[in-house]
Amino acid sequence: MQGHGFTAHECDCGQGCTSFEGGTFSIDAGVDGVPMHYRELNCVIRQAIERNVDRIMLRNVTGQRYIAATASKKDLYIGIHGTPGNNLGAFLDGPTLEVFGNAQDMTGNTMNSGKIVVHGNAWDVTGLSARGGKMFIKGSSGYRVGIHMKEYGQRWPSLVIGGTAKDYLGEYMAGGTIVVLGIGSKTPSPVGVSLGAGIHGGKMFIRGKVGQEQLGPGAGIAEMSAEDEKELEGLLGEFVSYFGPVLERGFSCFTKVAPLSSRPFSGKYDKTNL
Amino acid sequence: MSHANAAQPLPQPSQVYLAQRPPGLKYMMGGCGIAGCISLDGRLIAGDRIRAMLTIMEERENGLGAGYACYGLFPSRKDQYCLQFFFDDEKAKERAEGMMRFNLDILHDEKVYHHPVADLRPPYPIIWRYFANVLPKSLKSEGPKKGEEDVVIDLVMQINLEVDGAMCISSGKDMAVFKGNGFSYQMADFYDIPRYKGTMWISHSRFPTNSPAWWAGAHPLSILDWGVCHNGEITSYGVNRKLVEMSGYKCTVLTDTEVVAYIWDLLVRKHGLPIQAAAFAMAPWTYDEISRLDPESRKLATWLRFTYREAFLNGPFSILVGRSQPEVTLIALADRKKLRPMIVGQSPDGGIAYCASEECAIRLVEPDAETWATNAGSPMIAKVGKGILRTGTEHPFQGVRL
Amino acid sequence: MSGIAKKMDTKLPERFKPVIDYQSCRTCKRCVNECSFQALDFRDNRVVPIGGCVACGRCLAVCPVSCIEIRTVPSQFPPHGNWTERMRRAIYAQANSGGVLLSSCGTDVEHPVIFDDLLLDAAQVTNPSIDPLREPVETVTLLGGRPGRLQVSEGEMLRMKGCGNPLVVMDMPLMIGHVSLGSVSYNTQKAFFMAAKELNIVAGSGEGGLHHDFYQYADHICAEVASGRFGVDPQYLKGMAAVEIKIGQGAKPGHGGHLPGEKVTPLISETRMIPVGTDALSPYPHHDIYSIEDLAQLISVLKESVEYSMPVGVKIAAVHNIAAIASGVVRAGADFITIDGFKGGTGSSMRVIRDHAGMPVEVAVAVVDKRLTEEGLRNRVTVCAGGGIRCSADMIKVLALGADVAMVSTAAMVAVGCRVCQQCHRGLCSWGIATQREDLVQRLDPEVGAARIVHLFNAWNEELREVLGAMGIDSVESLVGNRDRLRYQGPNPKIAEIMGVKHVGEGWG
């Protein structure tokens, strides 16, 4: 415990739910099958961060929400076993979160920087409004994923989904990169309809077919540039580093979706002086 | 689950209504958590499982209503109607019983088991259960031909409307609803839900926005054997209500969920629509998507939308629907844009299917379940003893012939 | 007799006066040439007003230097709150002529506008609003009879039985109302039909038959069968989008159409199938309909004649017993019913009827929707409603009150130039709309007119989608009859009660 000031577990459950070993602070979020309340769990996590712990492992997580919300310690790693609840890593700014299981809804909400790796699925509204950072989802995601991801200054958010994504992927997108690999997809296209509706920045790389009827207003199919290939190669390399080799084909089977304009609806309004 | 550290529950309304409809109530709305499980291989599922599933999603409720419905509950009386009521007083009970005897042969009646719970303040309603058959004479009517189900529906609506302080909370065969005004764990303790075993459960915890505390207003809302738990708000309520009122249903609970229950009864039982066709009417594809279907499917889809325009549930919702007739069936459906969550899971041995607003509810009771999300507007349909007939990820119609 | 009556000097003072800024005027005389009411002349090298201005605004529009201003002449009558100028003018006119007052366009009496007393709802928190720019917010509207239930059975495949009903699929819940060729020009009607086709909606033919040039638009035309049966022949009943029996018109309930002989040019003669120069008089009632079962008979004969290939509807003027009448019309087998409110337009109608008979479409639609719902008939029929719909907000409100389709004609005419000067019955329309005079007709380019209507309706539809999105509704059918999403803030809560609309301040609970 030396160096971190831990003398006993900091939780008041009285069941010894925390331990510190080999530089890793572990929290059992479900002692005897009883899930710890999220306020308790997040409080313990925050205390650990305050004491400069840089590696935290959570076990038996069952639906606890808001894990690591606003966590800002750049070198912090949080491993999560179980099923973290909604809004995992909301407003995250720096740390790496790794989920060994599925994540629920709204993962990485308004993330600023950092990394979220999910060894499973991440359901609806993943990556909402992310301004930076990287998210790697081994499995599939749900509806409304990557909505209004945006770039700002040096920040450029990236989201890689191994499986499929449903409707409204990249809606309102204003920057960043979304990659959908479609591994295990039962349909020729791994994405749904209203793809990139209202997109006015950023780009998406979809491995598989994208029909015109899938594109939302403002989205178009574009040519891949050498720069795109380089970026994609980097993201895929990182994806493989987490989840192992998954792709056998090259870049030719990717479809790039990009905004037709940075101001897609500017012609909609009548400005007559009535 | 530990509640020691939970956010303080909101102050409860000073006046709690039981079976008596709160004065001036015209419509109730709110958000919520839902959970359900169904035995695919016929084994019985005890109530502690559904209790665990629902209570872990406590963030989705605010203590103003929760409930459970159990199906396959009365195997020895499975052909009798089980009517359960909230009564405010003995007088209401007597009046309701008088009306029931006119149409029903009451074979047995009993208090629905419940006991005081420390943090659930009385008053509690009188909660009573009747097992009954429909009297043959009540099937004779001067108007259109009535079935037994119509007699029960008419009776229930008549009691709800005419008897002050009486509200029927379930009226189907081989099923019962246990609900009230409190948190999900409170209602589970109040009724001692773990004491029951059935082949299917659906459950609901409420986060009402702006409604009085009303025992009868909690979910599941039920008519006949239909039970509906609903998360979300239906923006087309005014339109949907017209359809059910046109078809003879009387809205007595005044929630969008009540209307959803009537629409299922109307479309599936009365109009005989297959479940996926009824689900399509409630959560239809856009005309743009319909235009890309094959010609037969396109025609069916167009006519479902046009004919049942008033059944289209607009706005965000996810619903769990249960019924016991002709077989115990679970339906899970999210709106056509999937604005509300719906996760489905199956146990590794394939014996139980689960549905919930959040995956954690499934993981808690079945850590190794296979889970998936349903698609917008696509129903998951499972039947006891038959398995999962639709996973909720299919095309709306797999083959149509005109 | 009339000669004697006119011996008194009762020349009515002018209401409008064009004023010319002679410093700017280039004396190009365009205004003089364009003024079909002959209110301007060119004398002593300058343009002078000579009386008779109706404020049609044509001169303003053609003046290259914008040097004309039309002034409303201040009242020349001693003020009186009860004996208004309008009242006295009417009396002088009728005392002169002994005639029935004619008028056109919708009533200009300042009746209360119930639309303006209604406020729309929007979504906050408990239901999300929807951004219609990026997400589907559907306005596709189907018009036709509805079966009430479908027979679908399940086996290996789904089987649907029956349901051969014809349907009209429109891209927005708007139709251009019935404006006959005769009341308006060939070019105007052509613009309407071209716009309807382009917008994928339906335009009404009006009761004057269909010019052979216009059969190319037939699948976007609702063919009207009125009591005069003008132009109704086997061809007229083939290939149309829909057929509509016109029982009444909002601006003149209980009256038939009246096209004076001077407007019955060879073109009109050919279309209406009547001799040139004769009055085209529509009987007040249909003389084959003296009761509701006769209406059922006419509906049936039309359905049989069109071989059930298109919906057959009935248009009725909004009168006080409209709810019961509508119920009867649905029971008689109408696939759709059109309710025309008393503020609807007209090319010519008696002022006493136009201004005083009938009821507002807002209330009419609400009570019809309510009655049909109570009787379990609302899911058998499509309801169209018009008569005083001026903007997208009115359209949205009429839908929320219970109409599937909003019928709009005056606004479409305004879009192509009409200034609502209420002179249509004189046949001198300077914009080439309500006229048959060839030189005037040429002033309206149908292509331009069509494009303007397309713009207008698309803009309204976009505004509808924005409002639906704000309400958290993603398809227009969930607005239809959804009176929960309206509130009343006017002076007469009784109207709100009758319409089934809550008062502002009342929530949902």
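Each chain gets a letter, A, B and C, in the order it is written, and its residues are counted from 1.
Everything that follows uses one rule, which is that contacts are C-beta pairs under 8 Å (C-beta built on N, C-alpha and C of every residue); 3 or more make two chains touch, one makes a residue touch a chain.
Keep in mind it's a predicted model, so treat the numbers as computed, not measured.
Asks: Have a look at A-C versus A-B and report the one with more C-beta pairs in contact.
Replies: Higher contact count goes to A-B.
Asks: Mean of the CA atoms for each chain, then the mean for all of them together: which chain is nearest?
Replies: Looking at where each chain's C-alpha mean falls, the closest to the middle is B.
Asks: Most remote chain relative to chain A, going by C-alpha centroids?
Replies: Ranked by distance of C-alpha centres from chain A, the top chain is C.
Asks: Cα centroid separation between chain B and chain C, in whole Å?
Replies: 47
Asks: What whole-Å value do you get for the distance between chain A and chain B if each is reduced to the mean of its CA atoms?
Replies: 35
Asks: Rounded to the nearest whole Å, what is the centre-to-centre distance of chain A and chain C, using the mean of the C-alpha atoms as each centre?
Replies: Each chain's C-alpha centroid was found; their separation is 54 Å.
Asks: Residue numbers in chain A touching 2 or more other chains?
Replies: Expected reply: 168.
Asks: By the touch rule stated above, which residues of chain B touch at least two different other chains?
Replies: In chain B, residues 288, 337 touch at least two other chains, as defined above.
Asks: When you check chain C against every other chain, which residues touch at least two of them?
Replies: Answer for chain C, listing residues that touch two or more other chains: 135-136.
Asks: Would you tell me which residues of chain C are touching chain B in their complex?
Replies: 123, 125-128, 135-136, 138, 140, 142, 144, 146-154, 156-160, 163, 167, 169, 373-374, 376-379, 471-475, 477-485, 507-509
Asks: What residues of chain B sit close enough to touch chain C in their complex?
Replies: 24-31, 209-212, 232-233, 235-239, 242-243, 245-248, 271-274, 276-277, 286-288, 299-300, 302-310, 312, 314-316, 336-337, 339, 397-402
Asks: List the residues on chain A that touch chain B in their complex, please.
Replies: Counting only chain A, the residues touching chain B are 12-13, 33-40, 62-63, 65, 82-83, 85-86, 101-102, 104-105, 121, 123-124, 142-143, 166-168, 193, 213.
Asks: Taking the complex as given, what residues does chain A use to touch chain C?
Replies: Residues 168, 171-172, 194, 197-198, 216-218, 264-265, 268, 270.
Asks: Under the definition above, what is the set of chain B residues touching chain A in their complex?
Replies: Answer in residue numbers: 1-7, 56-57, 59, 288-289, 292, 337-338, 341, 343, 358-361, 363-364, 371, 373, 375-376.
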